[in-house]
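Both complexes shown next keep subunit A, but they swap its partner, so subunit B is in the first and subunit C is in the second.
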Partner chain A sequence: MAKVTIDNQTFEFEGQEKLLQFCLDHGVDLPHFCYHPSMSAPANCRQCLVEVGMPQMNRETGQPNMDEDGNTVIQFMPKLQTSCSMQMSDGMVVKTHCSSETVKRAQKDTLEFLLINHPLDCPICDQAGHCPLQNQAYKHGPEGSRFEFEKVHKPKHIDLGPRVVLDGERCINCTRCIRFTREVSKSDQLTIIERGVKNYPMTPPGVEFDEPYSMNVIDICPVGALTSKDHRFKARIWEMSKTASISAVGAKGSNCDYWVKDNLILKVTPRTNMDVNEYWLADEERADYKRFNEDRPTSPTVSGADVSWDMAWKAAADCLKEVDGNRVLFLGSAYATVEDNYLLSRLAEAVGSSAPVYLPHVENGHGDDWLRTDDRTPNAQGCERLGIHAVSADDLKARLTSGEVDLLYVMEDDPVASGACSVADLEGIKVVLHHYNTTNATLPAADVALPAATAVETVGTYVNIDGHAQRLRPAKAIAGVNRTLSMEIGKCRADRHGTPFDKWYTESNLVNCHPGWVTIPSIAAELGTEMTYKGPKAIMEEVTASVLAFKGATYDAMGEMGVRLTEAGVTA
Partner chain B sequence: MADFIKHPVVELPDRKPEPVFGPDELVFSEDEKAQVKTWISRYPTADGAIMRGLWLAQEKFGFLPPEVIQLVADEIGIPYANAYGVATFYTQYFKEKKGTYVLDVCTCFSCQLCGGFDMLHYLEEKLGVHKGETTPDGDFTIQEAECLGACGSAPMLQITNGPFVHNLTEEKIDALVDALREGQMPAFTSVTLPQDEDELGGNRRTDVSATDTYSVRPVSETVR
Partner chain C sequence: MSKAGDWRNYQRVLLPPVKDLHKLEVYEANEGYAALRDVVTTDKWDPTSVTNEVKKSGLKGRGGAGFPTGLKWSFMPPVDPDIPRFLCCNGDESEPGTFKDRQLMEYNPHLVFEGMLIAAYAMSIKTTFLYIRGEFADWITLMEKELEKAYEKGFVGKNIMGSDFSCDIVIHKGAGAYICGEESSLMNSLEGKRAYPRIKPPFPAQKGVWGYPTTINNVETLACAPLIIRKGGEWFSGIGSEKHPGPVLYGISGHVNRPGVYEFPTGMLITDLIEEVAGGMRGGKQLKALIPGGSSTPILRADMIEGVTMDADSLREAGSMMGTSGMLIMDEDTDIVSWLRRITHFYHHESCGQCTPCREGTGWLENIVTRLDEGEGNLRDLDLLIDLCSQMEGRTVCALADAAAWPVRYTIDRFRSEFEGKCKKPSPVASAELATA
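Moving on, here comes the complex of A and B:
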């Protein structure tokens, strides 16, 4: 197999790999700005320079020349090479900044050049703390600047489009954003304008940077030049906790990180998963976070009056006891997790009702065969696999108006807003409703309303449109649950190092709600049905054992990246 | 400092300018379209033809407002943003309306030492406009240019991306402006290097009659 020697350590490799990517994959931390694994390598930041040499060959014998000690003579290229564009070949010898003073010096000087016209106002820059330029200047850069003159000025705070703001001065012209629009999203809306020291990325006149994936350029920008109009100057990176979870907007289940400060979701960024969303996230998935923060219910209600949770569960159980089991319609939800839908099926079984159904929320023409899908719910596939099947809005309306239903049990959905029925249609029908927001249009008709934990507050599983089963983790705490004791919640510095007596500790914005896997067993207990689990992990274990389509999809198997399900569960 | 924050040093160019040319004017003739096609066929990918295409459009329309750049991009079949990036990179593509004659006076190192700024200022005073401006009658635009590659005959200027006028003096500028006002564009002038002057009658080139060679180099008044 072909061999390459990097800093006196020999690696084997196959195929046509680029040197920088190989180094990054094998733990050699080469600094770089313009290189991104999903895009072409223009080699314009010059930060990944390394010394590259090949064995010196004897022209007559065709064998490598040996020195007196019997070592191969290595002929180094006269100039340093950009490793991002350097094709590896057999016998190549590479010296990085770890072993070569020349490379170290080159990287230091490149950074000095980059910083000549870059504003040194990190304390007021939004990128500070997660800025590749800042990090690399600390690690590899010069101590101080020798440039004592006025820097070149460029336009600042430009609205490139409705969601992205550009600061021309901070830009180091790595062209990642331009290559993103050219090669990945193919919208071709950005270009570098002007020349020399005056250049910066811009849309051509008359064009707005408005495409469904525009905000990805904010994540790939290695400096604070591109920022989100929505999030800029809202919070410092170290003030927020980050939880690896998945997006709940479309059926693609893009992997993302939720950023939380004071129990409010402030930002959603993509998380790399090459099987699902690669490095990207659609703008609609980032813009959706406000519904987790705003219009949240404060308490469970019975006939519109606030009650305690125990009373609410009892009231819901009484509703179920009063009516005949086959006159109850259970409505599952493609917004709810596999675990909650499974428990709802078990509850329906316990009261003698038929299997739950769910309302699909499909918007034809919305999808684009990439990360956006026609299906606007995250877990329709999970419902189908559990044997909970879609019911059209018309069929649901017919069943509700035919008089065959006495009790409608709605889990985490809104039949009124989706046009399946009106509040008037529900007169004479008792309604138990798990709801996320006070804007839920079914709420006025609900006899028992139970605030439900949203996708960022619960633990569970979603199955995406391709059958990829992935785990949700709680990003923010809910009332009555200690953040640090809550399962798998992302921690911030205050969580790790603080105490509840610190002056910055806050219990504000804690929503008084419960996930389905707390509510449904509690109601079942009131009904006299035993449904005790040690949490969602145990529920999923039961699902994997009892439902063939979920065979093998345990929490441990899903991990951070999820597993691909077939008809017979996890097969590979 | 506070003033600087309130009034940023660099203004953003107008991002939604009014179109200069109407849709009726914004068309290439069949001949021009065929010409663009031949240029495209010369390169492995269509974007190779962008510089030729922009040049053609500039000759046709006089300058390149955004809608003309869009027209060229559409004709070649490349994204508008790419074409706009190329057009803004080169100063020889005029993004705004210029005078009939654009006088690019070189003030880079060699010309500066030999009096480039003297010539620029003389021209500015003579025409009554500053660099970057166009005379009210629309005849002349004066621009300060970086090195145009004729250091041997400094100071010099270039007329509308065309012929060079070498070894500028005030008299030469007077004569040039008068000639241009009458519509007479100076012819191409060949220049030799001083070390070649003894050979081949002072010039290695075949068009010796067109050469204009000084043996004493002028020096800037400020340097003197």
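Moving on, here comes the complex of A and C:
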């Protein structure tokens, strides 16, 4: 196999690999700005320079020349090479900053150049704390600057589009954003304008940067030149905790990180998963966080009056006891997890009702064969695999108005807002509702209303449109949950090192709600049905063991990247 | 020793003294398009023999780098009828001190067309582009008019002169950026993209315009091709310097009595060019310095040019380069720091901004040289300038960073005392404090 020697360490490689990517994959931390694995390498930042040599070949024999000690003579290229564009070949010898003073100096020089016209406004920059320029300047940059002139001025706080703001002075012209719109999203909405040191990215005349994936340029920007109009100046990166979870806005289940401060979700960023969303996240998936923070219920209610959870569970159980099992309609939800839908099926079985159904939420023409889907729910696949099938709004309305239903049990959905029925239609029908928000239009008709934990507060599983089963992790705590004790919630410094006596410690914004896997077993217990699970992990173990379509999709198997399901279980 | 032989009796061939030569009928009457006719209509020539003749002539590129032209042509991959291939004629002449191609375009445009067509024949190319900088508006109009006439006559286009060789010439106006003269930038500009230079490899012969095999030659280089075909490679190689032969257009500017473009063999003594060709120094002043081939070539002091001839080898020995043979002559009154300030301003203005060292470095160089020129500089600035040059040279995609750094490096190196003279004097108080400290 072909061999390459990097800093006196020999690696084997196959195929047409580029040197920088190979180094990054093998733990050699080469600084770089313009290179991104998903796009072409323009080699314009000149930060990843290395020394590259090849064995010196004897022209007559065609064999490498040997020195007196029997070592191959290596001929180094006269100029430093950009590793991002350098194709590896057999016998190549590479010296990085770890073993070459020349390379170390070159990387320092490039950073000095990058910083002379950079505004160095880190104290007010959103990127500070997770800024590649900042990090690499600390690691590889010069101690100070020899630049004693006025910096170049360029346009600042320019709205490139409805969601992205440009600070031209911070830009280091890596062209990642330009290449994103050209090569990845193919919208071609950005280009570099001006020349030389005045260069900055801009939209062509009359064009707005409004493509549905525009905010990805904020993540790939190696400085704070492109910031989110929505999130800028809201929080510093180190004040927030980060939880690896998945997006709940569509059926793609894009992997993302939820950023939380004071128990409020403040932003959503993509998390790399090459099987699902690669490096990207649609703008709509990033915008989907306000509903987790706002209009949240404060207490369970019975007939509109606040009650304790015990009373609410008992009231729900009483409703179920009062009516005949086959006159109960259980409405599952494609917004709810596999675990919760499974428990709902078990509850339906326990009261002698038929299997639950769910309302699909499909918006034809919304999808784009990339991350956006026509299906606006995250778990329709999961419902189907559990044997919970879709019911159209019309069919649901017909059943509700036919008089055959005495009790409608709605888990985490809103049949009134979906147009399946009106509040008036539900008169004479008892309604038990698990709801996320006080804006739920079915709420006025609910006899028992049970606030439910949202996708960012619960533990569970969603199955995406391609049959990829993935884990949800709680990003924010709910009332009664201690952030620091929950193993799955991402922790920030305040969580790790803070105490309730610190002035920035807060217990505000803890929503008084419960996930389905707490509520449903509690109601079942009132009914005399035992549903004792240690938690959602145990529920999923039971699902994988009893439902063939989920075979193998345990929490351990799903991990952070999820598993691909087939009809017969997990693919090999 | 002059290598130009009997240059005083040299007969001009690139710009012969013929009135109205730019007109097709005049050009034709003066052996115009004879070489092309010979190549496309007779069995004497095939593409390989044309290339070999150019190789034999020893012609080296006149665009600055001096790469052997025949060798460059032979880099084109074998002909594949399904893959288009292109020739670009680089008329984006814009380096300070260089103004020779415009003479050819103004006074002998058909020689350029004929050269392009012969080169296209040698490389089996059906489409050629003539990229001219936009500031040359007048000559673009003139050339477009003349090209139309050549099309009408059947010298360009389908079945040239009744042969089975067809080739188009497309005149493309640049928007006036120095960087477009860099070959890979020129290709991007031609494609309608931002003129950022491309990384090499792949080289243009592998992946050029729109990803297809492409050769790029300078205007003057291609203008030599018809002469080589007409008079033979041997004739050409016999003109001027042995290793760098041929007629060459010397663009002489600056403090001489008769600045202008002069056609002479290569290998002319610099002193001959100044004293006899350009009529000596203006006002009888002393020569102080000169740039032999456009502003990016290293400056030479008056005492460095004794016996130096205008060819690659001699100039390399003297510590400079042939470049485009655009000679900038400066007399004793020239403020070399001010001159360098103007040059650094040019490169600052023209850096495309793609690569970090050039984008940031060119501006910084100008800042420091400006400060020095205004008498506000410090001695340490000189070392900083040299340091910055080292940080720029060889670290970018194209050679613009080198072209920007060399004038600074060599001017400081060769005129250091002038720079030191313009630096701020340490104040007596500060010196006294230093002494007692």
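Please note the rule applied: the second predicted complex is superposed on the first by the 570 of 572 C-alpha atoms of A that agree within 3 Å, B and C clash if a C-alpha of one lies under 4 Å from a C-alpha of the other, contacts with A are read in each partner's own complex, and residues count from 1 in each chain.
The criterion applied here is as follows: a residue touches a chain if its C-beta (ideal position, glycine included) is under 8 Å from a C-beta of that chain, and two chains touch if they have at least 3 such contacts.
Everything numeric in this text was worked out from a predicted model, so none of it was measured.
Following the overlay on subunit A, a clash is recorded for the pair subunit B and subunit C.
Which of subunit B and subunit C touches more residues of subunit A is settled by the count: it is C.
Once the two complexes are overlaid on the shared chain, A:Phe147 sits against subunit C while remaining clear of subunit B.
Of the two partner chains placed around the shared chain by superposition, subunit C is the only one that A:Cys45 touches, whereas subunit B remains out of contact. Legend: residue contacts after superposition of the two complexes on their common chain; A:Val268 is shown touching neither subunit B nor subunit C.
By the document's definition of touching, of the two partners only subunit B reaches A:Pro205; subunit C does not. Looking at the shared chain after the overlay, A:Lys156 reaches subunit B, while subunit C stays out of its contact range. In the superposition on chain A, A:Phe113 makes contact with subunit C only, not with subunit B.
Touch criterion met: A:Ile192 reaches subunit B and subunit C at once.
Legend: residue contacts after superposition of the two complexes on their common chain; A:Ser85 is shown touching subunit C, with no touch to subunit B. Annotation: subunit C segment clashing with subunit B after superposition, chosen from 58-66, 220-228, 274-282 or 418-426, is 274-282.
Common to the subunit B-facing and subunit C-facing surfaces of subunit A are residues 191-192, 194-195. By the touch criterion given at the top, residues 177, 194, 196, 199, 348-357, 359-364, 367, 371, 384, 391, 394-397 of subunit C touch subunit A in their complex. Taken together, the subunit B residues at the contact with subunit A in this complex read 8-17, 66, 69-70, 79-85, 88-90. By the touch criterion stated above, subunit A contacts subunit B in their complex at residues 153-156, 158, 168, 181-182, 188-195, 203-207. Here subunit A touches subunit C in the complex through residues 41-47, 49, 78-80, 82, 85, 106, 109-110, 112-114, 116-117, 146-147, 149, 152, 172-173, 191-192, 194-199, going by the rule given at the top.
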